[in-house]
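Got a structure for you, questions after.
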Amino acid sequence: MSELLFDPSTGLRHDGRKPDEMRPVKMSVGVLPNAQGSALVEFGKTKVVAAVYGPREALPRFMTLPDRAILRVRYHMAPFSTKERKSPAPSRREIELSKVIREALEAAVISELYPKTTIDVFIEVLQADGGTRTAGVTAASLALADAGIPMRDLVAGVAVGKVGGVLVLDIDEFEDSKGEADMPVAMMPGLDKIVLLQLNGRLTRDEFKKGIEMARNAIKTIYVLQKQALREKYEKEGEA
Amino acid sequence: MSITPSNYQLVPTIRKDYILSLLKDGKRVDGRGPSDVRPISIITNYVPRADGSAYVKLGETIVLTGVKIEPGTPYPDNPTEGVLIVNAEFVPLASPLFEPGPPDENAYELARVIDRSFRESKAINLSKLGIVPGKKVMVLWTDIYVLNHNGNLIDASAISTLAALLTTKVPKVVINGEQVILEKSSDNEFLEVNKKVVTATVAKIGSYLVVDPNDEEESIADVRLSVSFDERGEIVGLQKSGMGFITPGDLDNMVDLAWRAANIYLKEINEQLAAQLSKPREEKEVIIEKLPVEKPSVDEESVEEEQEKEKQIED
Amino acid sequence: METQKLELYVQNMDIVVPGDLIGEGELEEYSPYIHVEGRKLFSTVLGIVEIKEGKPRIIPLHTTYIPQVNDLVIGIIVDVGHSYWTVDINSPYEAQLNVSETPLKQVIGTENLRKFLDIGDYVLAKIISFERNKDPLITLKGKDLGKLAEGKVIEFRSSRVVWSILRRKKVIDALEEELGVSVLITSNGRAWIKGVSQEAEDTAILVLKKIDYSPFTKLTPSDISKLISEVKMKGGMK
């Protein structure tokens, strides 16, 4: 089956979306009972779960910092999450993304409140269809809020792409494989601060500017959904 | 798992305040202005045994990149194209902060940022590197060796990688019945590089932006943005690193500053390489490989395979 | 004309989430639950707004206990050493109880320490110090402090409960009177219940658990009575 990136008559993407349209987004908070905080986030077929353990005693002791908590972040893809089975061993990509996501969360978490402890954030990609790191950081931020860890703001992210010369929002795997650029962006939306930014591909200065704007607007929508998911959880707390 | 670094160099507050007060006046501790780059020196063919190499000094940061071309298997969706594999080593002798052992996340990040800049921009003409379609192609093993860390390893590595690739000679393929021979000699053609690509890093210290941060500036910077450009100014890579944030206003300024630095890097590369490329090189060895090919060593295969799989993971 | 020092965009009992703009202006007291950016004030946690005398406070739904000097805490002995015990105080930090901070005099040696307090024993203690690079230190020297030999100890899931109950003495009084128990709620999210009978203690615990798991934002003594009869009728937690 050969799929076209764009329908020539309508200009819609291969899954019927407009260039600036996101996939359906679902979020739920508090999905893993053992973790201090957890969240499940879906962007179309991409499914990511995040769990937070902590703040807890950091061992070994020499790893701790005297005036703040350390963050330990693991971005990992389940072997069955990708088209071809992926070995469970951490790949270079997962190592890089773990760092990039940790740095995004560091900007938000008020780690000075818990010196000498560790806050562990585990992100597992259950199904990968593009935008896994931005879905991951979105879920991680919800999990941190669920765990009651104070943050300067939530972190929300989305990936913008360039496909067939057209800037598109929330790029999926098919589009990424055929496209010219993939730019994941994450922000603290309430403070208008960018905390994650990468580009894999090529963009002119002008396309870059427009791409960032597209991401900024979409992130505002994702932010609203995050807050809704947290409030829903609060209301559910009543159910014993 | 990525862990908040606890072995960072602690810059005393007095020093940090001094750096900030200088920046207020548009000055830096080493006398540079915010958009000034440190002195660059490039020595190509530093390791004659390698197919291409470049020893680069960016201020006191020293990076040596070596390119070795060996036969290998192509990616399934590009059966006739050569393969680029970029690897980086932060060897312990380069800094008191580097521990012996497997590469840490910073080394992986650096290698991947440089790799992406060359890959996405299609800077190298890989189609000329096939040997036997679908079975054997030439693999450009590009190893970035950090020899001295005094800040801004990414830019130094980018310059060194470009210089090495620009002066890499491609072996001649001679098929003799069952045998495939890669003949390496100084008469060979240079690797075809379609466009020159560099990466320039801008650091944000407080509310000030500086290019080419040195070691000290890097350790007090809140955030860095590395921007990869091709000669026309198209952005072929971006990487924000560090635990701080970038405002949308900062973003524009940082990309502008990075482009200015990138131009300086490109100028240096053009000038310094022009002089060196005119000099003759010595004879080199010949590699003989027979068909059907033996399996490459375990290490090499797993990196290649991994790269293949990673290409398929779209994110 | 006077400019308002503080303008609030939220009301008492409003639910807030991280990033919600709660107001603009000057905050008199620092709070980890309010992030200040210029003149803007944001919530840093999921919780409830409490406004007292025009001053905003956010009570988080869940927090981690960070020891403060003079806090009353209920601890569990987790290890016995040569001259001190290691105590779990429901915090990422384990506390240390030195022999010198107990009624024991000149006692040394694990075996001897174990005769006084063994692993699994509960204590009511006070935080005496929490310094950088050291574990928090607790003491049993003080009025009513010491080993909790009788009664039961429970841990609250929600920090909000600790706040809302701790501050309403009438609520605790109501619970104590109706059931004939005495209830002590400590800063580290635990409670000690002692009653005249096993049944009384158990009922009190179930009532407290119900409060812990419910979205009660304001408790009154009559709420307590209602809960008690609910619990007694059902004979257990829902």
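A few comments on the model shown:
In this document, chain identifiers A, B and C correspond to the written order of the chains, with residue numbering beginning at 1 in each.
Rule of thumb we're sticking to: contacts are C-beta pairs under 8 Å (C-beta built on N, C-alpha and C of every residue); 3 or more make two chains touch, one makes a residue touch a chain.
Worth saying up front: this structure is predicted, and the values here are computed from it rather than measured.
Two chain pairs, A-B and A-C, are compared here, and A-B has more C-beta pairs in contact (counted per touch definition above). Averaging the CA coordinates per chain and comparing them to the mean over all protein CA atoms picks out A as nearest. A centroid comparison over C-alpha atoms places C as the chain most distant from chain A.
Once the centre of each chain is set as its mean CA position, chain B and chain C turn out to be 54 Å apart. Rounded to a whole number, the gap between the C-alpha centres of chain A and chain B is 28 angstrom.
For this pair, chain A with chain C, the centres built from the Cα atoms lie 34 Å apart. Each of the following residues of chain A touches two or more other chains: 188, 191. Chain A makes touch with chain B in their complex at residues 62-65, 70-75, 77, 82-84, 86-87, 91-93, 95-103, 106-107, 111, 128-133, 159, 172-174, 176-177, 181-184, 188, 191-205, 208-209, 212, 216.
Contact residues on chain B toward chain A in their complex (touch as defined above): 1-4, 6, 105-106, 108-109, 111-112, 116, 120-121, 225, 230, 233-248, 251-252, 255, 306, 309-310, 312-315. Remark: chain C residues 15, 17-21, 32-33, 35, 37, 42, 44-46, 60-64, 66, 92-94, 132-133, 158-159, 210, 213-215, 237-238 touch chain A in the complex. Chain A makes touch with chain C in their complex at residues 36-37, 54-57, 66-67, 110, 113-117, 145-154, 188-191, 223, 227, 230-231, 233-235, 237-240.
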